[in-house]
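Presented below is the structure to which this report refers.
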Amino acid sequence: MTSSTAILLISCPDQKGLVAKFANFIYANGGNIIHADQHTDFAAGSFLTRIEWQLDGFNLPREIIGPAFNAIAQPLQANWQLHFSDTIPRIAIWVSKQDHCLFDLLWRQRSGELKADIPLMMSNHADLGEIAQQFGIDYHHSPITKETKQEQEAKQLELLQKHKIDLVVLAKYMQILSAEFIAQFPHIINIHHSFLPAFPGANPYHRAYERGVKIIGATAHYATADLDEGPIIEQDVVRVSHRDSVEDLIRKGKDLERIVLARAVRLHLQNRVLVYGNRTVVFE
Amino acid sequence: MTSSTAILLISCPDQKGLVAKFANFIYANGGNIIHADQHTDFAAGSFLTRIEWQLDGFNLPREIIGPAFNAIAQPLQANWQLHFSDTIPRIAIWVSKQDHCLFDLLWRQRSGELKADIPLMMSNHADLGEIAQQFGIDYHHSPITKETKQEQEAKQLELLQKHKIDLVVLAKYMQILSAEFIAQFPHIINIHHSFLPAFPGANPYHRAYERGVKIIGATAHYATADLDEGPIIEQDVVRVSHRDSVEDLIRKGKDLERIVLARAVRLHLQNRVLVYGNRTVVFE
Amino acid sequence: MTSSTAILLISCPDQKGLVAKFANFIYANGGNIIHADQHTDFAAGSFLTRIEWQLDGFNLPREIIGPAFNAIAQPLQANWQLHFSDTIPRIAIWVSKQDHCLFDLLWRQRSGELKADIPLMMSNHADLGEIAQQFGIDYHHSPITKETKQEQEAKQLELLQKHKIDLVVLAKYMQILSAEFIAQFPHIINIHHSFLPAFPGANPYHRAYERGVKIIGATAHYATADLDEGPIIEQDVVRVSHRDSVEDLIRKGKDLERIVLARAVRLHLQNRVLVYGNRTVVFE
Amino acid sequence: MTSSTAILLISCPDQKGLVAKFANFIYANGGNIIHADQHTDFAAGSFLTRIEWQLDGFNLPREIIGPAFNAIAQPLQANWQLHFSDTIPRIAIWVSKQDHCLFDLLWRQRSGELKADIPLMMSNHADLGEIAQQFGIDYHHSPITKETKQEQEAKQLELLQKHKIDLVVLAKYMQILSAEFIAQFPHIINIHHSFLPAFPGANPYHRAYERGVKIIGATAHYATADLDEGPIIEQDVVRVSHRDSVEDLIRKGKDLERIVLARAVRLHLQNRVLVYGNRTVVFE
């Protein structure tokens, strides 16, 4: 179980024989499947699956797996991604001034919960540079104004390329990314401090307090051009009462944000999240 | 503890000595407090409290308690309500076609969980009349159209008066009450089948499915002229996944709706809910 | 999706090619898989799977599916069960004096949530006979004493056979079944009013109160000869506080018991539960 | 609201006039109550309350409050504690090799969530000394064997006195403290990695896996001479499934442990926890 594995994430129009065809591809080449899960969305007529198998004893060399599988996928009009469990993805964490999600991600990475490298941090503020230094991470401070935003985003994209970043995690980055930026770098997970679609936009805890809700939440989602409208990966909630001030909501919310973001990043890193339409299938 | 009690729900501008003044009133007249809870909303400068004491051994006759307390309340600019635990409130349940909340309330009333009489049911459909008959409850079928709404609401108000109804419970009543109606009968609890303020209005489960949320909820609130905007009494949630179809969300939601509505009605009947602004204090 | 389906629940020693072999069997005979989920227990070296496919267009007649599949299963040392979604299982509900789980199950059956017939109720008390009558269900009252237990269980087994019962649901049946009885009729789901393994045995709410726990739970499990030790199907919990008396715990617990038992029965009826060792795999 | 406050935690036999007497004491001396909550345990005949008032404008000097209140408390046979919100308690964190609770507490202290000083760490291992150094905390490494335990505990007690420690937090300290130690230093909060009373003692996650539970939990409690039997302050749970290996349970449990322990420590530091018998009242 500790040996390296390959993972296929596949979506295609539903039809007979899909499970058999995909499983046969693995079996015919000597692979041992250790996880196979599938979902059929009858309304959309879509078949979605995740298959993970051990590379030990698999006959195809890694670089051949993709092309070989493509011969099967093409006639089925299947979209697919191939991943290897021993690839260590590279994450850039973007922050503003709050450090709770940042610390949490760094602790989880150090403890082995998140199998990833974190070579880069970006911020529109200087405040958290010290933490970056402490953990030996490159810190780029890019103050953002209306005027400089376009220019700064261009530099940010360059940095992501330079550091070969696979995933950007917005760990309480309080700036809105432009649609252009997201189009060019679509692998971005954001944590929003409310139970979306309740309280999108600014100051959700203040508005939750005003509305007198009895439960608050947090939402991790992929960033899209429409603010707070991207595919949801994970949500969680906590009960509050009239005794909780806005400050209490913020404090309780921080614990939610940390955990919800960490779960979403982990699921993504394990290639368990498949986006289709504006929804996600999470193969747990 | 089983003896009858009196309950005061009080709200007033915050100032020194409130707890002492209210407690002295009870103590000076020989009352034993069995529940006293208070909340200070510092932002609003409001003091809110619930005090419950045993009538056994209390020196004031029931009809004098209110006037006597008013002498204390007036100088403090306090709003207050006085209730007695042995008063059995009278509930009218309003339904459309779905019976899950209805059955649940009837079972809880019969089993003693809800201390109330339920002499009246109203519906814009005939479907659930049989259940009313089975439980010996008056059933009024009032089909509603744009043209007849005003007239029907007038009749409905009459019926509430005739049956001396204290509380209307909208147990999946799929019609909107007019602002005029609510102004004339303000004691109405509604169950909304979403985690408000997410998905107000129609078809929340379909929209939750479309949005791909990972958690759904239900909300019990007092009805106000603004649809789905009234003070929230209780909310709860349940986890869902990509495997859940709209039908699954509806099914899971029904369990939430039943429990959230029942909790809210029980809290109201026990005089544990105090509305201020558009928020509630729930003295549990 | 509404057409009838066949479901295979399979467990066997883990080895290469299992997914392919099972999927090929369906595909080769023209079946369209609509749900396939598998689990590998690496510690136990076990492979467990649930496969559901549409019978529409499937080439094998129903009575041949089992024998045909057995030819594949035998060499793999696989245990398997075959079910058809249009079979309506027959349930006997056993109760004592409490009616909350009973009412809940009856309501869910009537509303179509539970696809089953409920022709039989059994009880060691006469109290709930009226409800049976109201719902048109046979009610057998078998008072149990130490002396009569063996004899009564013999009669109960006969009744289960006579009514062709597939599943017994102990809906707050406060008697212990003998190991012999369970050996002869192993399809029994019980609801225990605690978060097992906390508070097995009698009076769990009183003991939870004494211990001062902050959360209580309920557990639905298959009955085994060891009391409260059977494979767990579903559990859920609710928060309590020092304000909750034993009576409050019991009241809150009832809502848990109803929901947890109903979920477990539904999962069982949908053939989503596979027992191995003393654990369950729940294919949701 | 940011001014300093005094807090009284009181328990006494229930009788008439308690709320009035306590409130009058505050009011007569010019105090403004900002939080007053009470609980009556009818079974035990006990009255328990927490009263918090602003020191601004209070007529009694701090050192007089206790003696003055005692004159009221004595005739009522009341036990009471007096605390001031601007006192900064001193915490010693005890660890073994795991750092997740430790990091969490340190982050919360630094961020202002926990109003306390943390001058001292103790461990039976050397592993986490580096973290102590990083945060500028004294680290005492005391390896424990059967033979050295008594001697080591004597030294540990000395250290607690020397550092004027108010509260010991066992943040995954995997040693059992002797009854003598606890008798001499009773202010100890422990985190147990199960939903007590399920799985007391060693290896709860392994045993939870074996038992096949569908939910795991964590419990923060005061340490007593009976292992894992002390008064429970806080518990929380998280859902698990057959897919979760023991390692997954441990990982998910860590998030629970961090949050449950942090909540319990915060409640204690805010003087919101009152122990009576083996239970706690948590005045939230």
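We just call them A, B, C and D in the order they show up, numbering each chain from 1.
The rule is short, and it goes like this: contacts are C-beta pairs under 8 Å (C-beta built on N, C-alpha and C of every residue); 3 or more make two chains touch, one makes a residue touch a chain.
Every value quoted in this text rests on a predicted model; they were computed, and no experiment measured them.
Q: With centres defined as the mean of C-alpha atoms, identify the chain lying farthest from subunit C.
A: Max centre-to-centre separation from subunit C belongs to D.
Q: A-B versus A-C: which interface comes out with more C-beta contact pairs?
A: Counting C-beta pairs in contact, A-B comes out ahead.
Q: With chain centres defined as C-alpha means, what is the inter-centre distance between subunit A and subunit B in Å?
A: Once rounded, the distance between the two centres reads 41 Å.
Q: Compute the distance, rounded to whole Å, between the mean C-alpha positions of subunit A and subunit C.
A: 37
Q: For subunit B, what residues touch not just one other chain but two or more?
A: 42, 241, 243
Q: Examine which chains touch each other and state the graph shape they make (line, ring, star, complete, other).
A: Topology of the interface graph: complete, with all chain pairs in contact.
Q: With touch defined as at the start, can you tell me which subunit A residues reach subunit C in the complex?
A: My answer: residues 1, 15-21, 23-24, 26-28, 30-38, 40, 42, 239.
Q: Contact residues on subunit C for subunit D in the complex?
A: Against subunit D, the touching part of subunit C is residues 39, 41-43, 195-199, 210-215, 217, 231-237, 241-243, 245, 277-282.
Q: List the residues on subunit D that touch subunit A in their complex, please.
A: Interface residues on the subunit D side: 99-100, 103, 107, 111, 113, 241, 243, 251, 255, 259, 284.
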